[in-house]
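In the two complexes below, subunit A is the common chain; its partner is subunit B in one and subunit C in the other.
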Partner chain A sequence: MKKTLKYILGLAALVFVAYNSVYFKKLDAVRASAHKQFDASAYARKYYDTRLKPALKNAVEINQLLALARVDKEAAFNRHSHALGIGNIRYFLVQGTGEITGINENDVAVISKNDSTQSALKIATEFVFGNAIRDASGLINLNEFSSTADFNNVSAEVNKIVRNEVLPAFKSTAKKGDRVHFVGAIELNRQHLKLDDLEIIPVALNLIKDK
Partner chain B sequence: MKQFFFRAPSFLLLLMLTAAFGFGCKSKRSDGPKKMAVIVSTLNNPWFVFLAENAAAKAKELGYEAKIFDSQNNTALETDHFENALASGYSAVLFNPTDADGSVVNVLKAKEAGVPVFCMDREVNSDAATSQILSDSYSGCVAMGKYFVQQLNKKGNYVELLGLVGDNNTWQRSKGFHSLVDYYPELKMVAQQSADFDRNKGMEVLESILQAHPNIDAVFCGNDAMAMGAYQALVSAGKPNVKVFGFDGAEDAITGIGEGKIAATAMQFPKVMAETAAVYADEYLKGKREFPKKMPVAVELVTKENIKDYIAYGKKD
Partner chain C sequence: MQALTLANAPKQLAKFQSLIALFFLCLVISLLSDKFLTVANGWNVLRQISVNICISTGMTLVVLTAGIDLSVGSVLALCGAVTAGLLKNGIELPSANLFIGFTVFGSIISGIVLGTLLGWFNGFTITRFKVPPFVATLAVLTIARGLTMLWTKGFPISGLGSNFAYVGTGWLLGIPVPVWISAVIVLLAHMLTRKTPLGRYIYAIGGNESAARLSGIRINRVKMSVYAIAGALAAIGGIIVTSRLDSAQPNAGITYELDAIAAVVIGGTSLSGGRGSILGTVLGAIIIGVLNNGLVLLNVSPFWQQVVKGLVILVAVIIDKANSKE
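Moving on to the complex of A and B:
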């Protein structure tokens, strides 16, 4: 009788341990919870509103940057560019004011002047993609993210904000001869620097009413 | 007591063997110059040969012995290489993984043994690696996607050839490309299939796709080897004017852009990645412990408009 009780207790303990050792979950639920870990859209919205927008006032004036790059490339890159890793591609957060000289399929042509120089630029209105806006401010660190895919999704979401909230109003009202204040990102190659045909990926665009 | 006497010699023998094995391992590690293992996913692709040789050359330049191990795109063989490298007293591993998930176990094994691992070009889905030096494939393919859309005037049928499905680069490239191209509804992807980053498979897979979809305007490939295979398939099918887009900056593709066979590639910098990994490993072995978990290396779009600035695997000085 004592032996039987021992066996029953032993079996019950075994069943208890076995039951608590194995868990079953639906694969869909596991996948869904993995995806829930990072909300790129919410991160991008917070980044755009609370970090990028306040940083726009620090953007370098485009003509000033280009003048410096022509005489001292290294100084221009060292003072004003950002990039997340190694390589020749670096991003600059720039601003300026210019007159619209053409409305094209993929961009708006602008002549921007300051006291000493003027530049012919293009403001992208079609291809607002890639990491230029995310990286030009130098405010986000890749190593804060556990996954490279999450990090890249932040770019896609920030670009979406610009495409949905900045471009429609500008494209519907901008016309040749208007003046525009722009803030945006440009990409330059440190080794093979080309300063003509520059394209600005916009972050903020404001038409200036009184000429 | 009887039992003790019976077991004591066995115990002593075991103790002696353990001690001998332990000292043996120690002597392997302390004798001669330190060694770095270069474990590479495959040497069946010239791009990875270039990566591995540059890693080994930089390690030697820094005063280490270096040996290249070819995993032949096989995680089991890669595991054998790690076991051999750890047992043979290598101090660091410069690693080009075969599979983002499947290779994690090898990195963990090295970490447990106190051997740092520095990933080159390909990522493992774990923070066990001391540092991962990776091409910014996503950004490279966003630039590629923009050029693709411009070249096709925003409409047409195209095929995508993916690389190894277990490699993160495959998906980073595909996602970067689609993050832009998918905004154009008149660009229709008629087929998407893996060709394992392999030239012959690239040719075979596209030949098969062309049977079902003969009217295509472009092929986007996750690397240059597949792009060259795809071009061969298109020439055989009498369609040499279909635009082919690759990724890597390999010698064939750079020549192909010059000859008008390939529309564009994205230049990676394997020498930069290999040398950075070797330098990081050297710094680690000299006592440094703070490294970026991930270090992206910029990728540059190469087209007929800027081909004069580039040579295979890099830039002209």
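Moving on to the complex of A and C:
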């Protein structure tokens, strides 16, 4: 009797747990109501054309940024950097004009100067990866996406646009001594600030014809 | 209780070595950082250690039987991922045109059941095939990590909803929910070890397995139960982590097993089994948590943090060995 009661109670508990654990639906109905598959490529295209490109003119001039970072690091980061997380790695959308001093396998060396500062920079021309471009503008919000995979795919697609549309034309015509106007993203570590030998992940590169 | 005299003072003090260590640790950190002794930081530390308390409670039971469970970090990751996956995506059965959705309750239960099964599998291979616990659980560590990658396809599973987030980030009666969960686990495990036959069997097996067998204790059954409990507690840890982050990370829980073992050892549980307590482990977990928190507040490099943690564990083991000889 005691054993039977134990089994009945156990079964009742199991039914209770199962009833409160799962629900059933027709798969067709679920699929029909589910969100359409996220098209990272289309999103990136629209973002690049309608949001990122118009924002490029607002990018901070690189020598101005570096000068500020040398005297007031916090101000430089607070005014000009963006990042998703709370870590020390932050991204800046920068622009400038410089003279090409070397064409390397993976990058182009540039000397950029304004009235008071001169900077030796590298513009990446081979490996355009990571989230620098996506995050430097601060225009995309993680909450717009239902998964981090979608969010990361946007980054990959934006990088692809740069690799396919910006770099080939530049690489085929740029030569030592040319002047270039560049806009791109740089990564700086707030804790361990290093302002030498910066690499710019380009967004736009225009050779200046008239010296 | 033995009176404290000059002759037995070292022995009496040794009983409270973890508590004394914690006291001095807190004293030193509070002198060096004004942010340490604040209510917000206290809750922060308790929330952070709640996952380690879950895992190390299970680890204590395993270590008391003279075993070890290296798989808890991977089990944590897999159970967290499965919980998140079931909650977010459910199960699709195209052949039956059926979608099985899981409630928050259902997905949590599924994660815990999976953890229990993985733990039981550890116990099964150890007892049935006489595989050393180190090797058996190392194998499950790898298997569970691989299954996590397969289940998640290498991507985090995010956006799990506010109801699920309550488990890891909510407050109940002014106390964070993860702290409540770990407190209940500690209480149950303490009662298990002190008030139930299973608890006595665990100590007996760790103290002398042959003697325990001769006295009629069903060694295999007890060991399988202990590993199953450790798996279930790792799963609960995984659910808390997933809920806190609102995301199941495929690489969650890496090296968590080492933190759990550290908490167990620092808490005074002997790695050779048969001696130790759940409350000691809680103290060990608090020491590890306070140490981690203090090193961060003092702006110590993460690389040095690992060195310091390693040294603390080493000292704890040396003290344990010295106590064992006495």
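Just so we're on the same page, the second predicted complex is superposed on the first by the 175 of 211 C-alpha atoms of A that agree within 3 Å, B and C clash if a C-alpha of one lies under 4 Å from a C-alpha of the other, contacts with A are read in each partner's own complex, and residues count from 1 in each chain.
Convention: a residue touches a chain if its C-beta (ideal position, glycine included) is under 8 Å from a C-beta of that chain, and two chains touch if they have at least 3 such contacts.
The model shown is predicted, which means the values in this text are computed figures rather than measured ones.
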{"item": "Subunit B versus subunit C as contact partner of A:Thr4, first or second or both or neither", "value": "neither"}
{"item": "Contacts of A:Gln37 with subunit B and subunit C, given as first, second, both or neither", "value": "neither"}
{"item": "Which of subunit B and subunit C A:Asn88 touches, first, second, both or neither", "value": "first"}
{"item": "Which superposed partner A:Ala156 touches (first subunit B, second subunit C, both, neither)", "value": "first"}
{"item": "Touched partner set for A:Val17, first subunit B, second subunit C, both or neither", "value": "second"}
{"item": "First, second, both or neither for A:Asn189, with subunit B first and subunit C second", "value": "first"}
{"item": "Most subunit A residues touched (candidates subunit B, subunit C)", "value": "B"}
{"item": "First, second, both or neither for A:Ser146, with subunit B first and subunit C second", "value": "both"}
{"item": "Which of subunit B and subunit C A:Asn131 touches, first, second, both or neither", "value": "first"}
{"item": "Touching both subunit C and subunit B, counted on subunit A across the two superposed complexes", "value": "146-149"}
{"item": "Complex contacts: residues of subunit B adjacent to subunit A", "value": "123, 125, 127, 133-134, 136, 138-139, 142-143, 145-146, 149, 168, 171-172, 175-176, 179-180, 269, 272, 276, 292-300, 306, 309, 315"}
{"item": "Subunit A-touching residues of subunit C, taken from the complex the two chains share", "value": "90, 92-94, 96-103, 105-107, 109-110, 155-159, 247"}
{"item": "Touching residues on subunit A, where the partner in the complex is subunit B", "value": "83-89, 127, 129-131, 142-143, 146-149, 152, 155-156, 189, 191-192"}
{"item": "Residues of subunit A touching subunit C in the complex", "value": "17, 20-30, 146-149"}
